[in-house]
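Some structures are shown below for you to check.
The following pair of complexes shares a single chain, chain A, combined with chain B in the former and chain C in the latter.
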Partner chain A sequence: MDDSLSYPPIDPTNFDLIIVGTGLPESVLAAAASAAGKTVLHLDPNSFYGSHFSSLPLSDLTSFLHSQSSSHHSPPPSSSSSSADHIAVDLSSRPMYSDLDISSHSPEPLQHSRTFNLDLAGPRVLFCADSAVDLMLKSGASQYMEFKSVDANFVCDGDGKLSSVPDSRSAIFSDTTLGLAVKTRLGIFFKLVDGHLKAAVVGSDGGDESCDESGRISDEDLESPFVDFLNKLRLPPKIKSTILYAIAMADYDQDNMEVCKDFLKTKDGINRLALYHSSVGRFSNALGALIYPIYGQGELPQAFCRRAAVKGCLYVLRMPVNALLMDKDSGSYKGVKVASGQELFSHQIILGPSFIVPSPLLKSSPDILQAKLKDFGLQDFRGKVARGICITKSSLKRDVSTFLAVYPPKSLYPEQVASIRVLQIGSSLAVCPSGMYVLYLSTLCDDAIQGKKSLHAAVNAIFSVPISGTPENSNTDESENAEVKPTLLWSALYIQEMATCSFDSIFSTPMPDGNLNYNDLLDATKKLFHMMFPHHEFFPETAFTDPEDDGGFDQSPSDDSLNS
Partner chain B sequence: MATMGHNNLNAKLVLLGDMGAGKSSLVLRFVKGQFLEFQESTIGAAFFSQTLAVDDATVKFEIWDTAGQERYHSLAPMYYRGAAAAIIVYDITSTDSFTRAKKWVQELQKQGNPNMVMALAGNKADLEDKRKVTAEEARVYAEENSLFFVETSAKTAANVNDVFYEIAKRLPRAQPAQNPAGMVLVDRPAEGSRTASCCS
Partner chain C sequence: MASRRRMLLKVIILGDSGVGKTSLMNQYVNRKFSNQYKATIGADFLTKEVQFEDRLFTLQIWDTAGQERFQSLGVAFYRGADCCVLVYDVNVMKSFDNLNNWREEFLIQASPSDPENFPFVVLGNKIDVDSGNSRVVSEKKARAWCASKGNIPYFETSAKEGFNVDAAFQCIAKNALKNEPEEEL
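Moving on, here comes the complex of A and B:
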């Protein structure tokens, strides 16, 4: 409600765990710790849930990106607050975004600012069989959300055309553009992969790993690049590219030893094929492999936070943490001092990825403290993600409003080293005014120049960008001609840092990665949980199956449920 | 959003109001017929569902409780989204809780579904000797803001069911869904063993 409202003091003042920031990893940890019976205080300096994972109205999104593009040594020094047994170490935040470039070609999107729910970490989708979906079901967070199928999945071929990604074997075999020889080779490929996966299932049940004659692909092949495996089977470039970039979602050019930072191993490639395949048809009324939450990805952290609240977690938004309280003698973490001046204590703390303890301050601290905090803030950077959000009034593909399109390396320009993924979401997902579409773009990059170059190439390939000064409606009759590109109304392009988890006496959570789904992030989150609470299960199975737990909410699937 | 099929409506109903006004007590009374003298702050329950038969339809309420997130004004937008009805609860023995109730009404008018059916419930009506908010004052406010108003007591059960029945009656019967309903994830034990394989 009103920002002006003054909060009552937070009560109680001692917790097992204090979490700062409500991004997805923090929210999942809050829900998991609360489900494990821990007392948790969850704070966020923002007035909204989700931190770097939220979905925001258009004007809120731009102000958040601006505010997070410069560093804040915000709070006035907490100075003399140090008591007898602890000292306060000021907390500040570092910029997680840079090179923010917002272009507005039409006033319309801004006029409807509040109708938008724009994802900060887009493009993101869920695979029906991925670990985020499993975790939502297991934790009970799924009951607060609704999803829709992503209608179609495209890959850009060598000629700049978008063609459908087949999601079943029959779709491939009914594809008239493929010759018989190609279909035969594909048949061999699928047989090999199927045989391997079946053998792996049997192997894990039966125990004896060394039964290679059962159809398993050899360990040598499994550890070698997936692209070599596909080459060995003489799959044509178009099929190879579809499998590598639009199904296995490889990031870098797998054919180029020099630029490829991350070769997809055959083992991982096959697992990703299996994920894609088991996603298709997992829920009887999801058409394809992918689903997207109504109201945007920012619903996920909210759902986990609500789950945490139901288990007793205390929520206070709009409450910045100004300082960490450290024990004078041991240098170990004791608690936090929040903006209201209150001091709150906990055994453990988790900080969102943008918070740092400035090193100049550490110099004046006792030696032990300095040693403890030395590595904190020097987090492990894994490059950057270039992201773009574009708004338009016509769909890039006629008759499809929600789809994913992958532009594999080199498909847009010769030096393109990484895949560019584009997700178009229509107004039926309640993320924009009706009649508009939001397109999210992302690609991995080493630096802002490279990232922006890729984004611009994609924007130019997808949209007709009005030259500033020309009236926006210069491009009429676009619905008459399918070849006319959608007109770009508004766009935001930005570079996001990718900080991973770090931990010392203080744990911090990762930034959104460059992937489409949350699998890697949730794996990291789960590891963090086990490090903090080695004796607790990450969402015990019983947490949700107890019918009393939710006041007897009737879980029987109704007509509009996604059933598996 | 209220969705309809064969005269069956599903309606999300949210409770709002100050901590301690009796939101959870009202729901417990309505859903389970129970009353606890010292109800703890809401922990452990997020959802209740209850089906009511009114004149021409069966209404299945999905009742969302705040799970305590209102305590420091930290309710998520998710809470209001798609709600077909809201009950704003205050405690007739607390003028502060009435003031807060009015703020919740403003918040809903700003953020919620414009067709939402809103009820103002002055709870703890059994504590007449400690009354601080007159029924007249609340009634005038409710009329000005097109809410329907009733005083309730979760303790004696007075008017509790009536609030829910009245909401059920007032729900628009053929409301065009603003956003076509999506799908809820429901997992059921896999039938047989699903063999992971690709593109078959």
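Moving on, here comes the complex of A and C:
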């Protein structure tokens, strides 16, 4: 349909909540508020759902990245009086992407542009035991989606080779490359972790704090770095690296105090091990710990938006918001002005992460608000994530089409400060034409130069990149490597800003973070909801009632609801 | 995957707001009609078992959940549909004129592998209103449009009186089934 704004006026014009942008946090908030009985208007300037969390056809992806990279479209904020009791303050946006670098070595991917569903915020997966999966089941969003399991996990060892990440204890013990002494030490490690987790469950049930004797790991150990705990148990470097970076998914070099920004405490390390462990086998038809949605990650925001719509949320795509309406007396925002000129009112407004909220004439002190944010654990954290999308026609690992590979810090080059994660998705997940593969790369970085250096190192390690003039580029220097490197057909590398939740008289939702799953984002989203609606439950149990349950559609929330 | 799943056929119902999409679904599945119009809230999808040549199928009929009001149905809604039902109100010319937009929107968003032969079914609803005196779209005109778009099956219905609803949905089920590629059970 044409993009001209030939919409009828939006009716009604007063809402309990107006949300601009349909990224995952915004969509979850729309569904949660609608389920709590609030009237919600959900707007998006784009013609598609998902904002920075969407999955798009190839050419749409590049034009979205381009449109969000330049800063020329941000006019300085100005305000104009639009009525007696409020003024319209122009809303501007900031670029969320930079250093966009698109290389096309073959016309083929572009010719099939619409067959692609490329994730803007890849690589991303769900752990079967993730809180995101629980939230989808609880809210009913899961009924609109199907998942497939990620076939395998790999970690790059010191020699640049990818080796399998064992997904169970038995897999470790049947691993012939490990010596008996190592297996014994691993056995002790697992026994400690197991005992601790069991004791923690008993402790929380009975409220008995005196169970330290019964297997709990000491508080001192729990608060100390996980890497020290692993060292104490004398686990060899390879095992240590696998646990830290390919199971607990640590980002920065845990052995280097100076560059590490996210020291993983033993407590958190153990929780992540537990998440991984309980993910394996949660769904009878998911083989490993990780799953990926058919048609891409952009299905998630769409599923939550449909959930919201079913509960009465009003949806208007292709509707830019030009200004915020500020009450002249109180100085607080009370609505939005959309591109059609219509004014819509709500005392609660949520904006997507790329909008700059013009500072209003605040009556309440910003310090108080910042303190309130801190109370909720929502602190601003500035950083960047370097992302890459690569398309190829042969799998990086023979016999598996969908897998995750982690390149721990320093595994590709000495100055590599953070893990680089690579997710390959095959056409069975309906994200690319049959016979092609999409590889998503990401790594945290301080600046674009560092981020790009990491991405290039990974791309060069994974692919043979055709150089113009010399089409046949043989990598003779790695002749001992039996696997032939896949040829890169197309790639997009970019640097994404990492805005978190913020509250500056109006709530702003976070950008996709650098994690592999959605847990931190959804935790922040839930906190935002409770700040706005302190007296409402975040998706009450009754929120999802199967409409006219005629049997037929098998939707058991406990297990086996993962369709093939 | 693990067991023999009963075959699921996805049917989506498109058309302007207020033409009776939800009512048609409700009449077919629950044999209920409500005179009170409210913009669709709460309708998600309905399922109904249908039998066809000794085999049982589950027809999953998807409502627009109100997202059609501002043409804001996401691509996920259209995907994987086995049959697309286009509904208009015989008393409202605009709703008939928009059929073409809805059909094109579907073909773009769902991008079916064989767009020429993708099964659509057109329903002209509310023929009971004012005993047909307020009707503005003639059956002839509607049939001509259907014929020009590759002979789309056409039914005139009244969700209120249940007229022709079963026959229409039988045709919808049959066409959805034809679209489904033979798959290993």
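By our rule, the second predicted complex is superposed on the first by the 492 of 564 C-alpha atoms of A that agree within 3 Å, B and C clash if a C-alpha of one lies under 4 Å from a C-alpha of the other, contacts with A are read in each partner's own complex, and residues count from 1 in each chain.
Just so we're on the same page, a residue touches a chain if its C-beta (ideal position, glycine included) is under 8 Å from a C-beta of that chain, and two chains touch if they have at least 3 such contacts.
Bear in mind that the values here come from a model prediction, so they are computed numbers and not experimental data.
Student: Is A:332 in contact with chain B, with chain C, with both, or with neither (first, second, both, neither)?
Tutor: neither
Student: So, A:277: does it touch chain B (first), chain C (second), both, or neither?
Tutor: In the superposition, A:277 contacts chain B only.
Student: Tell me the contact category for A:59 with respect to chain B and chain C: first, second, both or neither.
Tutor: So A:59 meets neither chain B nor chain C here.
Student: Regarding the shared-chain residue A:111, is it in contact with chain B (first), chain C (second), both, or neither?
Tutor: Touch partners of A:111: none, neither chain B nor chain C.
Student: First (chain B), second (chain C), both or neither: which does A:184 touch?
Tutor: In the superposed model, A:184 contacts neither chain B nor chain C.
Student: By residue count, is chain A touched more by chain B or by chain C?
Tutor: After superposition, B is the partner touching more of chain A.
Student: For A:172, select first, second, both or neither according to whether it touches chain B, chain C, the two together, or no partner.
Tutor: First partner only, chain B.
Student: Regarding the shared-chain residue A:231, is it in contact with chain B (first), chain C (second), both, or neither?
Tutor: A:231: touches no partner chain.
Student: Could you pull out which residues of chain A sit against chain B in one structure and against chain C in the other?
Tutor: Touching chain B in the first complex and chain C in the second, residues 1, 7, 10, 48-49, 144, 285, 295, 299, 302-303, 305-306, 309-312, 314-319, 550, 552-553, 560, 563-564 of chain A appear in both lists.
Student: Going by the contact rule at the top, pick out the chain C residues touching chain A in the complex.
Tutor: 1-2, 6, 8, 29-30, 41-49, 58, 60, 65-67, 69-72, 74-77, 79, 101, 104-105, 111
Student: If we count contacts the way the header does, which residues on chain B are in touch with chain A in the complex?
Tutor: For this pair, the touching residues of chain B are 3, 5, 10, 27, 31, 43-49, 62, 67-69, 71-74, 76-79, 81, 103-104, 107, 179-188, 190, 194-200.
Student: Mind listing the chain A positions that touch chain C in their complex?
Tutor: Residues 1, 7, 10, 48-49, 114, 144, 284-285, 295, 299, 302-303, 305-306, 309-312, 314-319, 547-548, 550, 552-553, 560, 563-564.
Student: Going by the contact rule at the top, pick out the chain A residues touching chain B in the complex.
Tutor: Per the stated touch rule, the residues are 1-2, 5, 7-8, 10, 48-49, 133, 136-137, 142-149, 166-169, 172, 190, 193-194, 197-198, 201, 270, 273-274, 276-278, 283, 285-286, 291, 293-295, 299, 302-303, 305-307, 309-312, 314-319, 428-430, 549-555, 557-564.
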